[in-house]
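Both complexes shown next keep subunit A, but they swap its partner, so subunit B is in the first and subunit C is in the second.
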Partner chain A sequence: MPLDRKQIADLVINSIHELGEDLEKPDLIAGDESTRLFGARSSLDSMGLVNLIADIEERLSEAFKIDITLANQSAMSRTHSPFRRAASCIDYIMELLAEIDKK
Partner chain B sequence: MTQWLSDRIESFADRPCFIHQEQTHSYGDLASEIRKIEQTLEKSDIREGDLVLLKADYSLQSVATLLALFNLRVIVAPATALSSSEIASRISAANLKWQVSLRGKNLEILATTNADPTHSLVASLQEQKHPGLILFSSGSTGKPKAMVHDANHLLKSFEKKRTRRLSILIFLLFDHIGGLNTLFNGLASGAKIIIPESRNPHKVARAIQAHAVKLLPASPTFLNLLILSGACEAHDLSSLRFVTYGTEPMPESLLKRLKHTLPHTKFIQTFGTSETGISQTISRASDSTQIKIEDPNTEYKIVDGELWLRSDNQILGYLNHEMSQFTEDGWFKTGDSVLESNDGYLTIVGRREDIINVGGEKVTPSEVENILLEIPEVADCLVYGEDNAITGQNVAAQIVPHERTDLNALKRKIKNHCRKSLNHFKVPARILFPEAELFGKRFKKTRKPIKENDD
Partner chain C sequence: MSPIALITGTRRGIGHALAKHLLNKGWRVAGCSRGKTNIQSKNYRHFSLDVTDEDAVLVMVRTIKRELGSIDALINNAGIAAMNHFLLTPTETCRSVFETNLTGSFICMRECAKQMSRKKRGRIINLTSVATPLNLEGEAIYAASKAALESLTRTAAKELGSMGITVNAIGPTPIDTDLTRTVPPEKIEALIQKQAIKRIGTTQDVLHCVDFFLDEKSAFITGQTLYLGGIA
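What follows is the complex of A and B.
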């Protein structure tokens, strides 16, 4: 059964909220799809992003039995990083899921 | 075998040698078993200088077979707890000619299909009429590396052992340098050697209690299991005067728990490699993981944070591998990363190949494992590096919890505990709770990621 965007969005936003609580970052605790995940204006550094991505991967695996690697070379070499904002990250996951469905 | 060891075994004739399956065998029994097996071997087609795989675990017969093969100046590769494909890969890696196993108390001798091109190392042993010992290490490629010791030479280092009435439980495997070290130490000093029914912690603890074992050589992984299984509480282990540990780094938090559980026992770290044998070391204190190498047969130095050893007991060479870990002047690069204190004590940090590189920052698994083991809910853990496109690698941890309830809450607790005690790049980005045990049949952890990047 294909997953809809809302399910993935909830999962990603919940992960951002939880990481915000643990790292005590107010902007992440109140995070939404516009939250910046990476770059100068994000409150996450590269280690924070690595943690967030690992957590999202684990949640996808636990909740939907989907095992994917989000931080791969092809994602990192895109002109527009999929990890700019929460919304682009969610879109990117949807894109990966669609590719899996095609196979 | 060298004459001195035969003489010594004869001289201990009335002493108990092995306790195995509720039976006591004396040194005299061992001596007559050796003679019996020599006669069987003399009737077989096995010849001096042949290469033989000896498939066995500890017993009177297996030890007698090993020593009888040495007496016949055979080159022996002991093999324990291996699948048939592992056996086959060892036979082919070292070009072994015979496979000897024990069927009950009888020897079964099978010829392998190997051709017989003689390796120069084997030829030199044959020329000197010395027996050999072949040990294997799992090479990083998965293909076993076959290394050759001159058995006379290796055994000679035990000749100076003083006679002691010690009871030793033999735990490390028959085909491992640590296990053979325990065996030869025991035989050379006339000790009573207890062979446990199995390596299950309760069985081992029961054997310690039943036979008032004084010395237990084991691995940190097994010692942790001994506590976790409740075997320490269920049995009286007060006879244990010494526990020696080696083969992998000891987490300080585990050593503290061990001292607490067995307050009257001395904990002593041993250090050795299959390539250089076991070196004599001194621990700074019973609750310290710092050691000093003080061995007349071993020199050491630290090069770029790596421990290098040069020992009289080192191997002649590898049968199927280049000598790249040895320098031209005979130093062995152990691959162990160590720290040296001002007064010359060493701390073994871990394997260099296990060091995790997170965006250029170095993380050793043992320092993270130490912190994880402070958490009361964590029974056991294993830390390793995982490939990651953002920081090159990230730290990952597999955790065995005491109870498998609310693992998500535990995961957060673990991360938050680590954030308080570790630099942020050392905090495990991924935490997994696998169902399986974290160690192999040798009670030693191997660090390999269970998930790899798929691009």
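What follows is the complex of A and C.
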């Protein structure tokens, strides 16, 4: 059965919360879909974002047996990074899942 | 729990010997090759795939995590050689050698390093060749692909160092394997004469280097390429 957006949103937000606890960043601990993941106003540095992406990939694999790479050519070539906010990251994962369903 | 290694190219040669060696030392080993393997052990899991197939590698690495646990060590051994005069080397050969020797190794490194970074420790070992420092005639593309892999080793070592992951490479001399059996004996002999220690390498020589890089006490050694036989 196709995953709905809420399942993916919960997975991404939980990952942000856990990373926030590891990094002791209150805004990430209380993160929601509006949380910035990328750019000057994000409390994540580049390594933090790398760890977050790796963690989300791992959670997708473990929870739903979905094995995808989020940092693919499509993500890197966009004018607006899908990793700028939690919401755009969730939407982007939904896009990737829809592409897999089409195949 | 015993540690877990992923070794690419375990069907024969050095990869096969490495898998058996680590199994004997109590590791759990996942291996892959384009074909099947004859390694029989309850602690061995084989995946038939091509390391250049990104989706297949992804599924393999994450299946290992789900079913065995997080990968502690990756040994990138899978590789292909191409011996040809430079002027007679087809472009497709160049592409396929780089695809396996560099891109395939890169994909495995990236995916395994994601797991290792979560544990803040890991070992990556890439198999390269003395063909690179010797600039061997007739092996231009093979040597270039291994030079690229050595460069990748050094840069990845810098990027992954803060995550507790070491990345090193081993450059064996000719070793008596299926790969070198296709090389004329006089070519092998000429190569041996370029070494400080003039004998053909053994699988045991490579296993010893692997043990060295895997050793917990080698945590401060990264970004290095270790050539055998006294090649510099």
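Methods note: the second predicted complex is superposed on the first by the 103 of 103 C-alpha atoms of A that agree within 3 Å, B and C clash if a C-alpha of one lies under 4 Å from a C-alpha of the other, contacts with A are read in each partner's own complex, and residues count from 1 in each chain.
Quick note on the criterion: a residue touches a chain if its C-beta (ideal position, glycine included) is under 8 Å from a C-beta of that chain, and two chains touch if they have at least 3 such contacts.
Worth saying up front: this structure is predicted, and the values here are computed from it rather than measured.
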Subject >> Touching partner for A:56 - first (subunit B), second (subunit C), both, neither >> reply: neither
Original post:
Looking at the overlay, what does A:97 touch: subunit B (first), subunit C (second), both, or neither?
Top reply: neither
**OP:** Kindly classify A:47 by the partners it touches after superposition: subunit B alone (first), subunit C alone (second), both, or neither?
**Re:** both
Subject >> subunit A residues touched - subunit C or subunit B, whichever exceeds >> reply: B
Subject >> Touching partner for A:12 - first (subunit B), second (subunit C), both, neither >> reply: neither
Original post:
In the superposed arrangement, which partner chain does A:74 touch: subunit B (first), subunit C (second), both, or neither?
Top reply: first
Subject >> Which superposed partner A:89 touches (first subunit B, second subunit C, both, neither) >> reply: neither
Subject >> subunit B versus subunit C as contact partner of A:22, first or second or both or neither >> reply: first
Original post:
For subunit A, which residues belong to both interfaces, subunit B and subunit C?
Top reply: 47, 50-51, 54, 57-58, 67-69
Original post:
For the complex, which residues does subunit C have touching subunit A?
Top reply: 54-55, 58-59, 62, 65-66, 114-115, 117-118, 162
Subject >> Contacting residues of subunit B [partner subunit A, same complex] >> reply: 358-359, 388-391, 394, 396, 412, 415-416, 419, 424-425, 427, 429-430, 432, 451, 453-455
Original post:
For subunit A, which residues count as touching subunit C in their complex?
Top reply: 47, 50-51, 54-55, 57-58, 61-62, 65, 67-69
Original post:
For subunit A, which residues are in contact with subunit B within the complex?
Top reply: 18, 22-23, 45-47, 49-51, 53-54, 57-58, 67-69, 71-76
